[in-house]
Structure formats: C-alpha cells, structure tokens
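In this document, chain identifiers A, B and C correspond to the written order of the chains, with residue numbering beginning at 1 in each.
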Amino acid sequence: MTAEVQQQVEKLGVRSGFVVVSVPHTTAAITIGENWDPDVGSDLERALAEWTPAVRFDHGEGNSPAHFLSEAIGHARLLAVEKGSLRLGRWQGVFLLDLDGPRTRTVAVDLLGAPESGA
Amino acid sequence: MTAEVQQQVEKLGVRSGFVVVSVPHTTAAITIGENWDPDVGSDLERALAEWTPAVRFDHGEGNSPAHFLSEAIGHARLLAVEKGSLRLGRWQGVFLLDLDGPRTRTVAVDLLGAPESGA
Amino acid sequence: MTAEVQQQVEKLGVRSGFVVVSVPHTTAAITIGENWDPDVGSDLERALAEWTPAVRFDHGEGNSPAHFLSEAIGHARLLAVEKGSLRLGRWQGVFLLDLDGPRTRTVAVDLLGAPESGA
C-alpha cells in the first residue's frame, strides 16, 4: 500500500517531516518490508502463521493469534518524507498486515507536527 | 494502563498531536492491543513465554528472555491525540508488558512537538 | 551504536525533542536493548536465528529470514533527547541488527520536528 500512503502524503501537502501510518484495529498491523518480489508477501503470511505460539487461548473469538501478532509487530510505523515523497530504501514498501481477514480496514496517515495545546 | 496515559495527556494539556509512551527498562515493553476481554492479557503472557526461542543464553541474570522480548516488541509506541483524548480504535488499549516482574516500572508519556535547538 | 547516535544528536544541535533512528534496508532492523553485558549481543543473534519460522520461503535470494525479522522488529525506533543527550534507561543502548550481514549499512538519525508544508 505504498502508493496509497504516498497519495495521502501529497494530500496532506507535506514537503518534509514524518508521517505515522497506523491502524485502529487489534487484528492488523503495519510494517515496512521487501516490496519488489511478490513472493515475499505470501512467504510472510506463511511465516506469520507458523510464528504464532501454539498455546491455549482463552479469548473466545478464535482471533487470538491475530491479536498476538498485532501486539508483537505493532499498529503503526513512522516514515520520513523528503521533497514531498516518502523516503524509503530501494527495496522498502509499506504493508498492511490483515491478520484476521480479509476485511475492510482503515489506515490512518497522520502528519507528525507541532502539537496543538489546550486553551 | 490506557487510563493512566489519558491522564498524562490531560496533564500535558495537549489537544491534538502525538504522544510517545515508552519505558526506560530493558525487560519491559509497550504495546497496543485488545483491551476488552480480560482473558487477552493472560493469553498474551502464555503466548510470550512460549514464543521466546529456547536457545542457550550466556547472559547470567536469567532475564534473557525478557531482554529478547523487549527488543523484539519495542520500548515505545506512538499514539495520536485528538480533541484532548487518545485516539484509539474501538478495541485498542495501551499495555505495559512487564517481562521480568512484577516490579515497579516507570512509564514516560512525552509530547511529540517542535524540538528545542541548542543555543 | 549508541555513541554514533549521540554524535548525530550533537551534530543536529537538538537540545530536547525526539529523534528517529532508522535503516533504509529490508534485511536490517533497529532496536533498543541491554547494553551492558556483551554476551547479550551474541545471545540475541542465536535467539533471532532460532526464532525465525521454519517455513518454505519462495523468495529466491536466501535472505527471507532477514526480511521476516526486519518486518517483525521494525526498521526504526524513536528516542527522546533531553539537555542535548539521548534519554536512555540505565541499561538501554541502541542496536543495529544486521540480519543478513555483515554488510555496510546506512543508518539515518532524523530530528522529529515541525514539518515543512508545500508551497
């Protein structure tokens, strides 16, 4: 989803600084990874499934592995913007990991700037 | 510990922006996860214990799994603030993972704002 | 690499605020961890090797475990600066994890400040 994040950066009108890409979900995560070889995506899915610890989960919805992976990997990543473009390494791309999907997911792209203080 | 973080946000007087929730410890971590079902907490503890690789650790204090998990999960998370409140998804809460506890832990909540430069 | 990051903080002339330490690589990661006992570094290497899921990777370069670990741990960490110095806990240090090395790696240390908006 690198292209969608880049579009948001342009919409926000930021030339340089940092944006935070995040999800409001507890069964999804955001990460930065290899973007060139499409095999890397399916490799990642298989690896994540295997990676989840095989323990008893008392939470009854059956989505506990997704909660676990979301907490481990993180709901957000920080990305630098330079000259109006995401500054990514040659092979880096932004990924939304839908760990209990496919579902419709919301992703926020926020500018990290000067905070507004209370009156 | 979502409520404590929200209190700090109010004390800092921030209306909108980002805060960083972090620990100065090498055997603890901060994450965002499912906050509704209390079973998720004990599920997470069991899963983390199982998740730690069963390798030889030369570090002699017996807390190497805690160091490992702290490095893997992270000492900090970034959270958006909107209208004076943490902007969390419906099920999201902030968790302090005490990986070598229970101990008394320090958690910092810092405003991400315009930096102060040296004179 | 805590000392190198501190040098960059001094070069940037920041007195207080936050810096982002990041890599543009998909086979490396940045983390914060135990810095005192040198055994912790080699312990971490062994643990990461064991931690990688033993699944089939279709990506043909043989560096898939490195991609996986970079995505899981993260390409960046946020660090507070106070009075011109990195604010780290007593045992905390900054680590570059070269997951497919050793190679020459680039690490960026960026100030998180007021963004520049487009004209």
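In this section, contacts are C-beta pairs under 8 Å (C-beta built on N, C-alpha and C of every residue); 3 or more make two chains touch, one makes a residue touch a chain.
Because the structure is predicted, anything quoted here is derived from the model rather than measured.
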| item | value |
| --- | --- |
| Inter-copy rotation, subunit A to subunit B, in degrees (Cα atoms; steps of 5) | 120 |
| Interface numbering overlap (same over half, different under half) for subunit A and subunit C | different |
| Length of the line joining the C-alpha centres of subunit A and subunit C, rounded to whole Å | 18 |
| Residues within subunit A bordering two or more other chains | 72, 74, 78, 112-114 |
| Subunit C residues touching subunit A - in the complex, by the definition given at the top | 20, 22-26, 52-60, 64, 67-68, 70-72, 74-76, 78, 108, 110, 112-119 |
| Footprint of subunit B on subunit C - complex, ascending | 13-18, 31-35, 37, 39-40, 42-44, 46-51, 72-74, 77-78, 80-81, 84, 87-92, 95, 111-114 |
